[in-house]
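Shown below is the structure under consideration.
Per-chain residue numbering starts at 1, and chain names A, B, C and D are given in the order in which the chains are listed.
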Amino acid sequence: MSYFSDIYKGIKTLLTGMSVTGKYFLTSRKGAITQEYPDNRDTLKMFERFRGEVVMPHDENNEHHCTGCQKCEIACPNGSIEIIWDRGIDEETGKKKKKIDKHVYHLGLCTMCGLCIEACPTDAIVWAQNYENSTYDRTQLTKVLNRPGSKLKAGVED
Amino acid sequence: MSTMNIALSITKTIQDWLIGMMPEGVASISAMVIVALIYLAIFAVAGLYLVLLERKVAAWFQLRIGPNRVGYWGLLQTMADALKLVSKELTGTIKADKFLYNLAPYFVIVSSLMALAVFPFTKEFQAFDINIGIFFLIAISSIGVIGILLGGWSSNNKFALIGAMRSGVQTISYELSVGLSLLTMVLLTGSLQLSEIVETQKDGWLILQGHVPAIIAFMIYMIAGTAETNRAPFDMVEAESELGAGFHTEYSGMKFAYFFLAEFINMFIIAAVATTVFFGAWLSPFGITESLPWLGVFWFLGKTLVLVFLMMWFRWTFPRLRIDQLLTLEWKYLLPINLANIVIMAIIVWLNLTIKF
Amino acid sequence: MTNEALQNLISDWIPDLEFTEEESQFLNITVTPENLHQLMTELKNNSETKFDYLFCLSGVDWQPELGVVYHLESTTHRHMVVVKVKTDDRENPTLDTVCDIWKTAEFHEREVFDFFGIKFNNHPNLKRLFLTEDWEGYPLRKDYEDEINMVIK
Amino acid sequence: METTAVKSNFKSEEYFINMGPQHPATHGVLRLLLTIDGEIIKKVEPDLGYIHRSIEKMCERDSYQQIVHLTDRMDYLSSHINNEAVCLTVENALQLEIPDRVKVIRTILSELTRIASHCLWWGVMGMDVGALTTYFYGFRDREMINDIFEETCGARLTMNYNIPGGLMFDIHPNFVKRTKEFIAHFKTKLPEYDTLLTGNVIFQKRTKGVGILTKEDAISFGASGPVGRGSGYSCDVRKHHPYSAYDRITFNEALKTEGDTFARYQVRIQEMWEAISIIEQLIDNIPDGEHKVATNAVIKLPKGEFYQKVETARGELGVYIISTGTKNPYRLKFRSPGFSNLSLLNHIAVGGKIGDLVASMATLDLVIPDIDR
């Protein structure tokens, strides 16, 4: 009479299934896997390799490493980096040399692929770990990475 | 002791109080209106807290925290939901059948609230103690289906139509086994009146008296009960992954709130019927709190909440049955077992092998 | 079977077939559109070759000609072959369909029609798969111009 | 299949239903035009293109490093394996000698991606069939793998950690520790998947004998991955055309022959066990050495055609590059596993009910950007 045996087997599998969720119900005191995001904002720390946003670090006397060589602009797959450079006279050698004017970075277009940081010969740009990049208006997403009045660190050659 | 039970039989006390003020006929009608308003208020709030209980229990099953933002420990969450739903705009499809579309929610909410009147919360604390109690309950719960069918058909949406047809088929076939399983228990008690049933359970709950067939009847009743309220393994009516929101896709605002609230009150009703029939409504296990009839409410609600938790446990563990498997389960498995069960129970009652304390 | 054995087995089925092997890991067969269908059915049904798995069907715009490249593999002998077919008329390129031999070709051919405009006769329902019906032009052709969507860096 | 309803003079005509771009069962922007008669499905016609970004046209103007990052956006659940596919094609074309360390790390990361993808599939499969708690158990395990990826590659979903010639930077110091923790944790949780869903009688009734796909049809429709292996067609690229470190590990291919939804489900569960054993074999002896081989900045492939097959979580991804020696490919075609798996949906769903269509679509594990490209 498979009629009764498969009823019995059916109920047995149903009960084992319920035992799994029951176990989780009883041990739910151990804390949930979900993060309460807005509340744990100050304790939430990202891993140090997290790709939040591309930034250009400046040292204490406002100097950076970007020589304006445009390697990152070429490497970027979706044109989210624009380098505005102008001719300048190099102090020691007196030759004409490219000087960086503005390193424009469109965070809105960036797909966080990391090819620009890979291509940069002087490690001028680095990943920042902020994860709240949303803004209310798109123009705020276009950023200039080198701070006003900053200049190239002496002795950095590409 | 006597001071305690003055306020117990609410209908009589309100009626006597009113008769003093106005003529006979008007008094009884206004008494009924007052009782109905009290019940409506209590069970609207009870429905809200059932929804919150469901969301909290679901969260604990799923390693989540559940609503904890609105009010301390999330207590006001469903209150906020209700207010949101009240303030929402009542949208609807243009080509919908306007009259039936608006009528559907009232069918559902009325049928679930009417069924509440019959439950024995404590000794005489019962709105209407009519002598065909269980028969009345089953009849009322079949009206709810008409509301769902109307809602699904009239909102002129293909998914809603499929959902409504599924619910029609499902509820009609599962009412059969709800009725039959309650019938097996009525064999033991001999009367349909709910207070009578509780009376006979004074010497041992029915589930103990009827031992084996009663337990089988209880299991069948729980399965059919969950199917009756379109919940858990049988929720093809609003199967999220197949039909989106099923029959109440086109409803919004207060109309949706009626459907939503009615589902939870139905769940409460199914659990409450199970407690009255199987577990002796307000009778404490060995008559320990017989002296204080007021404690009966605590026993009644406690048992009902245990059964409600059981139904929630079903919901958050089992996948969904397909519509034809659902019908084969009913017609090929539950019905034959039910009929066999009635015969066994009849033999037991005839040879009175029931266990009496 | 090794490429050479394949080559001389297949070469005596149909007269003018070109076999090349450099520039690619597999044996390449170039066939004329007329006897494409016959070669394909033979490749599938012949007991020694039994290429029953068409795993890649790609349209290619070889600048003057438009062509389709079929990558075939046999699930029993585990050898692979590449069949190429080219038509040089760009206004109304038509080829025979192979979806009666391999059912996977039905969707792949609709994709090739969608992006290259190559029509496949006696294909069950040959209409655009990805783009909308009223999209004019065939995007993956080399001479496709579209100022709005195509950003030329 | 039960006997269909007796059709006396009772006339019922078919009607169309849009399982439209927004539908919980399609996991993405796929539109299925269903012709149904009551509950029984007569015809399923997918309508694609809602997320078509013409990746193949973009590849014709991008350099090879830039193409690798595009593949993340195709099958985002096995983005690591897609990157590896393009990198392998380019490396084989240039005949680059890849250090052993890179091969082993790539294989470990591929298997981790496979487990993460199957965890998500299992959670969503449970949800499609009605058990809503499986979603959270599946995501709990997937989150642990995402943390491992975030720590090593910096991103959780679109990793872009592979570049032609090796890895962008070396693995994080506690990558090995975290992976071992995950393996220990997952070994206790995977049996729970079975007791909760596989053993469940309702689940078996919903999936056994549903959406039957015979072996010949699987081959003829080009089904690959767990969909093909569910019908007994052994199409594991890691077995037949081994790449990176797959030739030095021993694992057996998960094969079932019934070809119904339950068989495809069991294949994926067994694949998770296989993935765990593969990681265990490799995690302890990662050879040390360079993490990438220097390639010149502008990669130019020699003239010719190159094809590379890779086994992603969904099936066999093929990268076909026709190069004329310039810095970007003349034509690049991705043979996407989801595309062929979708084409057989009509074949297995006709005659079943809507519930069957949703169940068998869940085991096809469709990712729509992978189909639309």
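The definition used in the following text is that a residue touches a chain if its C-beta (ideal position, glycine included) is under 8 Å from a C-beta of that chain, and two chains touch if they have at least 3 such contacts.
Source: prediction; values computed, not measured.
Participant: Please state whether A-B or B-D has more C-beta contact pairs across its interface.
Facilitator: Greater number of contacting C-beta pairs: B-D.
Participant: From the centre of chain A, which other chain's Cα mean sits the farthest off?
Facilitator: B
Participant: With centres defined as the mean C-alpha position, give me the chain A-chain B separation in Å.
Facilitator: So the centroids are 53 Å from each other.
Participant: Would you kindly tell me how far, in whole Å, the mean C-alpha position of chain D lies from that of chain B?
Facilitator: 45
Participant: From the C-alpha centre of chain A to that of chain D, how far is it in Å?
Facilitator: About 26 Å separates the centre of chain A from that of chain D.
Participant: Per the centroid of Cα atoms for each chain, what is the distance between chain B and chain C, given in Å?
Facilitator: 64
Participant: Got the chain B residues that touch at least 2 other chains?
Facilitator: 61-64, 316-318
Participant: Specify, in ascending order, the residues of chain C that touch 2 or more different other chains.
Facilitator: Counting only residues that touch two or more other chains, chain C contributes 153.
Participant: Mind pulling the chain D residues that touch 2 or more other chains?
Facilitator: Residue numbers touching two or more other chains: 133, 136-137, 140, 196-197, 200, 202.
Participant: Write out the stretch or stretches of chain B touching chain A in their complex.
Facilitator: Within the complex, chain B contacts chain A at residues 57, 59-65, 313-314, 316-318, 333.
Participant: With touch defined as at the start, can you tell me which chain B residues reach chain D in the complex?
Facilitator: 58, 61-64, 158-159, 162, 233, 235-236, 239-244, 316-325
Participant: Tell me, which parts of chain D touch chain B in their complex?
Facilitator: 2, 15, 17, 23-25, 39, 126-133, 135-137, 140, 196-197, 200, 202-203, 205-206, 353-356, 358
Participant: Enumerate the contact residues on chain D facing chain A in the complex.
Facilitator: It comes out as residues 62, 65-66, 69-70, 72, 133, 136-137, 139-140, 143, 147, 150-155, 158, 160, 163, 168-169, 172, 192, 195-197, 199-202, 297.
Participant: So in the complex, the part of chain D that touches chain C is made up of which residues?
Facilitator: 48-49, 52, 54, 56-57, 61, 216-217, 219-222, 224, 233-235, 240, 303-307, 309, 316, 318, 320, 322, 331, 333, 335, 339-340, 342-344, 347, 372
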